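Okay, got some structures for you below.
Consider the two complexes below, in which chain A is the common component and chain B and chain C are the respective partners.
The block that comes next holds the complex of A and B.
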């Protein structure tokens, strides 16, 4: 491996957290390996739109976005950057890679591992979500930023998340057709959470400006939406029906983007030895770390993959984790700087807790999901099938047992899309709290590896 | 199933181009139908700007057109010439590429094998 001299440090994820960590290590005279599955640096939210599209979207003019990309550009020649490289497993002291789909035979050994794997959409399935024309909220954004396309001409953004408003604004900015926002959280909860959100004043200001901008553009926003179902024709989206308060409503549309915030990408962390625990703020299982991101011997976690916090918190957390790593390697670090970074990171985290209140996970809705609704879109397992098995299990509150008996979450996506919902449905059927259940265990490869031609002919 | 072949706009496609790339056009085929796209397009974009779906689900036979757009959900698997399965959302279109909704039938197996 190409660590040159010095300890071998591998960072997974070239989003704000991974870039922040790499910057700290380079300043300390090290040359870390920075691996990312994606083609371009920046991670999820700060992904660069494809340069051949000539799209100019507001997010890419924001100071923080520009700064992160400037930090990366300054680093690029001083690190071993490996885009289009999937880390499909980690064990002990090696990471296992697939480069542009092709498995690399030897593991990449490391002394220290910093995981900055980020998050993807957190999904609460609704009837009709397997129709064509339904995408994740993040998917709707990626299709815009990478492909210059809208997911439809009349798009409904459904769920509850700041990203719902952000994505809708990006669609309008790019000239997509009609946009409607259906938010499952009542407006009163947003007002109540605003003090907490203001722990990071910029977060509240940006949010208020975003909302004002959408209203000025005449975007319809309905809050407190419940019981949404997506209606289809010939397998395609034709509209949505829902309740607004107690009023039944129907809207024609040809596409729906759904998302309830972010779900941390924790598979590698768990394989590398991190312990997961239920987090009641973000309604999901997150890795345990100390205040600086240490999760196990030689293992550091930062960014949304460790705790949902947004891009600014992710970068700060990446810097903190890298400093912890340096300290553990016996290097001297600037303690005052470490404390300053922690304090700033914690303010963003506190603000994010406010956001989690203002944009709530619809926990109460899972018990009402019709039995015939598909929960697991890979294996086509319904809510009813999960309920029946969950009720029949005696003693054991382990979603992995439900998975073994129903195949829910056993498919290609490894429960990334249905997992949190499956737990809620099973827990409600057992009249337990979701946190009483053991969560899905990850299995390598953490994502399917596509066998390239030479390997195929050997089989 | 109907695959439109027109270049912009008036097709039965799901995705709609809001801007054109500054890249050359490429021609490829989807289930034997010739289609036009632009260099740099993902297969998800190239195909579903013109067609309503990418594949049919193995169990219920219903159409699927991708979901996450970023390599997470695995809903967008298609086959390319040579018998390879790829994710449409993370694979770029190439001039002359032949894409199909179904893979080759291996003896004793269904059309698709799982990962």
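The block that comes next holds the complex of A and C.
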């Protein structure tokens, strides 16, 4: 690593956590490398639109959005910024990179690594979810923010997550047609969780305001939805049918965005030496860290890739992790400031526990998923196939064993889409807790890399 | 504490232990496998699946050819398709030394009943135009093949259940010793097993078992380097490797291309963890492109490794214990055991039940290390990363 002076610090991810970390390090006189897969900084929550489209979307006028991008702009010339670059593996204190899929022929050594890898959607498949016109919630937001497009003219946002409401509001604000929200968690659970959510008062206030705004704009919101099926015509979405409480209902629609919360991207953390532990609040395995985000020697984690918390918590966590990194390097830090940041971050984390109750992962619905429902889209493996193998296993009932025998999770996305659902389906089939099946073990490359051009010339 | 009794106890439920149990049980023996996690959990489940015959240590050819005949029957024997395919193997020479090596081997192998065809560049280009032009010769063995290793031991396990073989899973053997004319084993989970005979197919942990019977061997562990592409249109029928094993490439019917290549890297037999290092991935990616240029641009979606037992002479341990009658060893297959396993099982069952086998395995005796061994340092450097060989 060609550092003229100072330790080599690599930050992976230019969302709010990565930007927060970079800001702290730059203010301490260091020049970190900031690596990001996207073309532009901001991650998902603060995604910057393609400037050539001249979009003016509401979310981009919010104070937090403007502030985080201003922070980045001020930093940009003082860091080694590598956009459109993937870190596909970490080993031996080196990060292995690919620029737009083309591998860089040597690893990038580092002294300290800060991972701010963010999260993707937690998906609970439903019958019909592989029809054309079904997107993940995150995907529906990317299409809007990056390209100013809607996924359809009559969009259903289905699942359970504060992001369902946020995305619906963003769609409405941008001028989308008919928008409906179908939330699988009953409203009563939201009310019961409101005290916990209020641990970060702004979260509760924003949520309530959001809900009121949506209702005022005529968005249909149905809570306590179950048994949803997406039906299609000619392979495209035509409508959804479901139960609202006990009442059967049906809606015409041409697009569905589904999401049940966030799934942390933990693969690099594990490759870099973090240990994972099952978190019952978020129904997934998350990396173990100390109060400042330390996960292993020289390894720091921040943001949704370490602990689901949302964009505001992510920036705070990035700053905390960077301060911990500075302290470990023997630099003096403002301890009072560190405590202030931790406290604010922890309030968001506490509020998230309330959100996880108010917007629940439907862990009891997996047993009812019809056998013929596709679980693994990449390899076309059904719930029935996973159940049959899961039931047949004696002794060790690891999901990796189920994967080896069904191919579920073996495809291009390496179980990002199906992994959590596969665990739930397999666990239900064995009448075991999801935790018992552990999780899909990551292996490099964490995302696909290309075989390069030949180096030898013709003899 | 749970007490159990059997005729023949087998330590290790990988491919070797499972095939041995299969052959023994078919001849009516009472067999019990004691397996630390689940059958096929380690090297047996994650290896390359290469059913390679050509290039083997010549005295191993009778065992290898016998094994291949059993593989050809595997769908019938196992009751399911484990994707054994007779792809043929092509060993490609890219320099004069490699060409000399394959020509010499072709001549020597005839005496063992293996016929391989040496091909010149024009023939290579005609039959497999996707091979890069710098290949100067190739050795083609039509009877070599490939298998899907993930499916093999689970399929065997189902047959073993039907044959009343007891398979104790999740049981780590912590000690074994002589008891009268038989043996006594203990597991960490509280089992005590008594058996008349004992088979050590403990894989990368087989040397620990041998040490309990005062016959230590200089085994070390290493991990193969393997990776796989997304599915691509099917075009590669043979399995291809450069003569020195620096890259091995095959394509399965559903289209994924599987790639392996030496040198092998480190593996951790204690933490039970092995990963393909980033630097090795970079090297192997380039090697693939150099020998099959049309694969440029294909995406690698995953890499993996495993924990394999190796001997410094790259020859496995097979045969009776040198210290303890009734004890049999079959481990340290040095990265080339998968093809042998059905034959190994047959041979061991014959040695155990009949006292002899038609297939010679004298070259693999455990006590060959009593004499000083000359180790080929250059060869080991080619086969393993620095620091991996501990002998």
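Just so we're on the same page, the second predicted complex is superposed on the first by the 447 of 459 C-alpha atoms of A that agree within 3 Å, B and C clash if a C-alpha of one lies under 4 Å from a C-alpha of the other, contacts with A are read in each partner's own complex, and residues count from 1 in each chain.
Here is the rule we go by: a residue touches a chain if its C-beta (ideal position, glycine included) is under 8 Å from a C-beta of that chain, and two chains touch if they have at least 3 such contacts.
Small disclaimer: the values here were computed from a predicted structure and weren't measured.
Colleague: Name the contact category of A:142: first (chain B only), second (chain C only), both, or neither.
Modeller: First partner only, chain B.
Colleague: Looking at the overlay, does A:405 come into contact with chain B only (first), chain C only (second), both, or neither?
Modeller: So A:405 only meets chain C here.
Colleague: Answer with first, second, both or neither: which of chain B and chain C does A:105 touch in the superposed model?
Modeller: Touch status of A:105: second partner only.
Colleague: A:201 in the overlay: touching chain B, chain C, both, or neither? Say first, second, both or neither.
Modeller: neither
Colleague: Which of the two partners, first being chain B and second being chain C, lies in contact with A:176: first, second, both, or neither?
Modeller: first
Colleague: Output check: A:89 vs chain B and chain C. Expected answer is one of first, second, both, neither. What do you get?
Modeller: The second partner, chain C, only.
Colleague: In the superposed arrangement, which partner chain does A:394 touch: chain B (first), chain C (second), both, or neither?
Modeller: After superposition on chain A, A:394 lies in contact with chain C alone.
Colleague: Chain B or chain C: which reaches more residues on chain A?
Modeller: After superposition, B is the partner touching more of chain A.
Colleague: Once the shared chain is lined up, is A:255 touching chain B (first), chain C (second), both, or neither of them?
Modeller: In the superposed model, A:255 contacts chain B only, not chain C.
Colleague: Is A:153 touching anything from chain B or chain C once the two structures are fitted on A? First, second, both or neither.
Modeller: The first partner, chain B, only.
Colleague: Check chain A for residues that touch chain B in one structure and chain C in the other, and list them.
Modeller: 101, 411-412, 445, 448-453, 456
Colleague: What residues of chain A sit close enough to touch chain B in their complex?
Modeller: Of all residues in chain A, those touching chain B are 37, 44, 50, 52-55, 101, 120-121, 130, 132-136, 138-140, 142-144, 146-153, 174-177, 234-236, 254-255, 377-380, 411-413, 416-417, 445, 447-453, 456.
Colleague: Write out the stretch or stretches of chain C touching chain A in their complex.
Modeller: 37-38, 41, 45, 132-134, 150-151, 154, 169-170, 229-230, 275-279, 281-282, 285-286, 288-290, 293, 295-304
Colleague: For a test of understanding, state which residues of chain A touch chain C in their complex under the given definition.
Modeller: Residues 88-92, 94, 96, 101, 103, 105-107, 271, 393-396, 401, 404-405, 410-412, 414, 443-445, 448-456, 458-459.
Colleague: State the interface residues of chain B toward chain A in the complex, per the touch definition above.
Modeller: For this pair, the touching residues of chain B are 14-23, 39-42, 44-45, 49, 52-53, 57, 59-60, 62-75, 77, 82-87, 89, 114-115.
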